[in-house]
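The two complexes that follow have subunit A in common; it is paired with subunit B in the first and with subunit C in the second.
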Partner chain A sequence: MKTTQYLPSSAWAFLIWLITMTLLPFTIILGMSFLERTELGTILFSFSLRNYQQLLDWVYLKVLVKTVWLALMATLSCLAIGFPVAYYLARVQGTMKSLGLILLFIPFWTNFILRIYGIVSLFGSNGILNQLLMFLGLPKASILYTRWGVYFGLVYNYLPFLVVPIYSSLEKLDPFLREAAFDLGATRFQTFRKVILPNIKEGLFIGSIFVFIPMLGEYVIPDLLGGAKEAFLGKVMVEQFFILQDWPLGSAIATMLSVLLLAALWLQNRWTSKGLAHAI
Partner chain B sequence: MGTQRIAILFLGLALVIGGILFLRGKVAHTNTLRICTWSNYFPEESLRDFTDKTGIRVELTYISSNEELFAKLKAGATGFDIIQPSDYISSRLIALSMLAPIDPRLLPNLHHLDPYYFSLPYDPGLKYTVPFTFGTTGIAVNTSKVSVPEGQLSWSFLLDSPDAGHTSLLDDMREVFSAVLFFKGLSPNSRDLASLQNVKSDISKVRDRVLMFTSEPKPLLLKQELTVAHIFSVDAIQAHRENPDIKFFIPKEGGIIWTDNFAIPSTSTRIEQAHQFINFFLEPQNNLTVVEANLLATPNKSTRQLLPEALQKDPSMYPSQETLAKLKFLEDLGDALPRLSRMWTELKS
Partner chain C sequence: MLLNLEAVTKNFGGFQLHPLTLSIERGEFFSLLGPSGCGKTTVLRLIGGFESPTSGRIILNGQDITSLPPHRRNIHTVFQRYALFPHLTVFENIAFPLRLKKMAASEICSRVTECLKLVEIEDLKDRRTHQISGGQAQRTALARALVAKPDLLLLDEPLSALDPELRMKMREELKTICKKVGITFLLVTHDQEEALQLSDRIAVFKAGQCLQVGTPKAIYEDPVDTFVARFIGSVNEIAGELQGEPSPETGELALASNAGNFKIKKNGHPLPRQVSVILRPEKMRLLRSKSTTQENLMEGEIQDQTYLGSRTEYSVKIGNSTFKVFEQELERLKKRRLNTGDRVFLAWRSDDAIVLPQQTV
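Right, the complex of A and B next:
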């Protein structure tokens, strides 16, 4: 009997899912981004590059740059806070490890919007933080409804998503590698830089991308914690769809975000394969 | 091989179930009116009354925004017999011939409506829509925290708020532009780019002063995070119910008025029953059940006479004739809309 080339049926199910739920919608959005909006908010089926031209307007470019900058800063902060946490969790054993992991996942048991409202009651002008400050005789802090509020919300919300991939790649790392490095006379820093980092950089990169990209499209956090005083890309996109009925322009923004994600993944692919070649 | 068979079996099963559900949807049509409405507009008892009296059953679908309704209809959602679009979406649906004409002969209760509502700019003469409820946009003030001057309030009380650190504007570009346009004595439907540019720079100054933009100021007013808020009358009335210090004002320069309507999509196959439904809820007693349940403002003058005295005379719910004359509906801005949207993004960028 010859071996069949067929995919297992579970893979077929996945493939069908992928095509109908990811590829098809993306194709529709891509296609729509080249159409136009009529004055009545319906879609005009004629090919046009106007939406992309519009995105090159300095107003939208400014929004794009601002959004990228904020997402980048928030991602770097997540890395700075998340890496030591992941490192600790991967090395510690026993109760502390399970406790740490549970603490990491507990926020996911609560609805996202509720967690954001939690921050509102924490940082509000009559919130817990300000009551504490007042009790200590310090001036009130107004973090809420500023860019800092948005930044804090992003870091708070996305941190676990970055800790998990770093943790799992550190967990997979053979502990003997570290010992071997020490035996061969490497310092702690050298071990980290030459042995640990190259082995987990894929996890670091993927984790960062999967935090950075959704941050670019985030609109609930800027609305609720930033008081909608500044326009970020996600909000501008949502407004095109739900308020202005300009689906083509909204689709162009969505396409741009997807292309950014693909470009980042492509870069990562190149980077890691080059790294491999270098290692060999 | 085994797993493959199971997969095929599942696929087949899914098709059969899907088919049954699809047909069931079609069959349910026979004596059922399908109504697309907002949540908490129709209390269950009012619908039960309708079914008891007419033998027509109703099935409700809820929408949370006009844009969602519009998208549903454009995507080809047929099968709705009644929809409840607001004024500005109604005018779009009329322009796109997506509504069936209203036949006044099938609505003997139409005369209960206040004459004001027969000459609305988006559907004069009520050829395609029948107003169901209405509201306004104005300013809510927590009068225990901020003192309000004697006489009528001006939009400047919001734009140059005495407590700017606790003031919010609606996160809605048309409403915010309208507030400033009214203040300057201009029409909220102005398409003049020069004056809109001016308004834009005014708004960006206000933006720097106020605490935030939000379309849901009610919870923040109640928590006293806000003391002055640009707000829809419905939210302000509800906030007032929970905290009587919170009062609603329609500024002296005028404000926005909106309606939610009954309309029949042109794809409906039960035009006559749909009229029966509209007529039923135009009848004052039936209308009262609906209006009282959710504290809605009704354009039905006969129903209004049945309301408790205090409610009838509440100016935040029923503006005086004089105020009513100063209220404007938002109209479609046509090709000026994308520019306005760009200005809105610009002032927030």
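Right, the complex of A and C next:
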């Protein structure tokens, strides 16, 4: 079915915003990723695939694999921690629901950098955790400036972004579906596996993608919690722009991340007929 | 007996289900009828296992199922809003309980096909649940609840979401299907007409209490109290006081009321002096002129009339109260039609009056 839809006049401002702030920068980045740079760091306007070839270098591939692996683990951890929370919030009513939702959103009202520094003071070598461990007569734990610090920071920061889409897809589910499944002879586990899970799998998938992709490109968390030794994709990308002055290569990394996101969304659209709009 | 409730009670929030003892026979179409909030749905949920009783026992087929969870009771439910699984086709929705039983694929196919035929939706089997209409969803839900041949089928206001025309059609079909499959149906409804049309027996509920259990005829013609009488069908009420003792031969009694003095008969219940006489509108006759041969006669004035094709409903003002009278339209070209304001007489027989103790509420 095809219908002609006109843009309401009030949406023009947003459209202009989208074009100037999203589409245009993205086009510039995309274009720049096919350019070369001079020894001095200035951009040379000649078409080349050098940047993408360079990405296939073992140095970058290692960073890519490490970053994907960490983001994957952090996403799965967010799922494991977030799912029961979302499930509980979708089913409980009254005060506990409002309280739970407020607690879930409080981090959003606190500045991101402040929260990360909170983690620093928690895990630092003389941080709260280590003082507690010393008090108990246990050896110190070094979490800050290791990949575990990055992992913890990622899970902590992205958890609400995964709970919300799962919560909203569970909330949309008719509560009588559970009863109907019980009624027709399904155990609790069968009800979950055969009725609840198939009906929220799009929410789960979309939520995971929306957490996984930004984790891949995350810069601040690895920078502040990972220390100098831990190289992650986002950090490498930022270094290309601001330290190594290789804007074309940085653009190639950025483009690669965007292509990964689009590919994931395209796959999701292929798998489910209802598509993206339905899942959100 | 298929199902026995033994002094079942349930307390939650401000609601209290009074001790309920009820027996339902195999193959019966039984209805729980009452206004919203009367506890009928609670009774259904107790039987389905979605709530557990505060006290009492629930016996199915001689087995105590009081503490069994829903999935271990051989009872299936048709939910009010159907609760079809949106990720499955019509066929797979119906096959759901059979797949849980790990039945062979060929057996599943033949059982589901049989049920699809029964509810006449064979051509919809590959549709998704959002591609079918309300009536079709209703049929799918019914087939899904019937396919595993439960001992008891619970129906929670299944027709309330359908438009009136479809509702009438589904009523007929529900009754036919119940007799065809031989499964016991337990229906919850607030629609008295639906209960009368479908049920072998009805239990009438009010505020957590079962007031009366009986056949539709018994409930309509011989209600135990004024609440039941008012809830089923239309009523005219005359409040009055009994005079003297009943005559030993005929059981006739004299009644004094604001609307006049009447002859009534005792229906068997012990009666206090203050009684309510219940007269059904179709059991009163509308006379154009005074008659001396009638047992009871009241004089009044036509206040309003509604022509409904097969009958006309009149409102007749007598004293301070208004009486409803239904008159069958027996002749196509009636000579003398009644107009608003005409003087008329209402005649009724003492046998047709239901005499009940007066209730303040």
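As a convention for this text, the second predicted complex is superposed on the first by the 263 of 280 C-alpha atoms of A that agree within 3 Å, B and C clash if a C-alpha of one lies under 4 Å from a C-alpha of the other, contacts with A are read in each partner's own complex, and residues count from 1 in each chain.
Keep in mind that, in the parts below, a residue touches a chain if its C-beta (ideal position, glycine included) is under 8 Å from a C-beta of that chain, and two chains touch if they have at least 3 such contacts.
What you are looking at is a predicted structure, and each value in this text was computed from that prediction instead of being measured.
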Clash or fit (per the criteria above) of subunit B with subunit C on subunit A: fit
Angle at the Cα centre of subunit A, taken between the Cα centres of subunit B and subunit C once the superposition is applied, in steps of 10 degrees: 150
Partner chain in contact with A:158 - subunit B first, subunit C second, else both or neither: neither
In the superposition, subunit B vs subunit C on subunit A residues touched: B
Touched partner set for A:174, first subunit B, second subunit C, both or neither: second
Which of subunit B and subunit C A:182 touches, first, second, both or neither: second
Which of subunit B and subunit C A:190 touches, first, second, both or neither: second
First, second, both or neither for A:83, with subunit B first and subunit C second: neither
Subunit B versus subunit C as contact partner of A:199, first or second or both or neither: second
CA minimum distance (subunit B, subunit C), superposed complexes, angstrom: 35
Subunit A positions touched by subunit B in one structure and by subunit C in the second: none
Subunit C-touching residues of subunit A, taken from the complex the two chains share: 174, 176-177, 179-187, 190, 194-195, 198-199
Subunit A-touching residues of subunit B, taken from the complex the two chains share: 3-4, 6-7, 65, 67-68, 70, 74, 92, 95-96, 165-166, 168, 171-173, 207, 211-214, 223-225, 332, 334-335, 337-338, 341-342, 344-346, 348-349
Complex contact set, residues of subunit A against subunit B: 6, 8-10, 12-13, 37, 39-42, 57, 59-60, 62-63, 66, 124-126, 145, 223, 227-231, 236, 239, 241-246
Interfacial residue positions of subunit C with respect to subunit A in the complex: 48-50, 69-71, 75-77, 79-81, 83-87, 96-97, 100-101, 144-145, 148
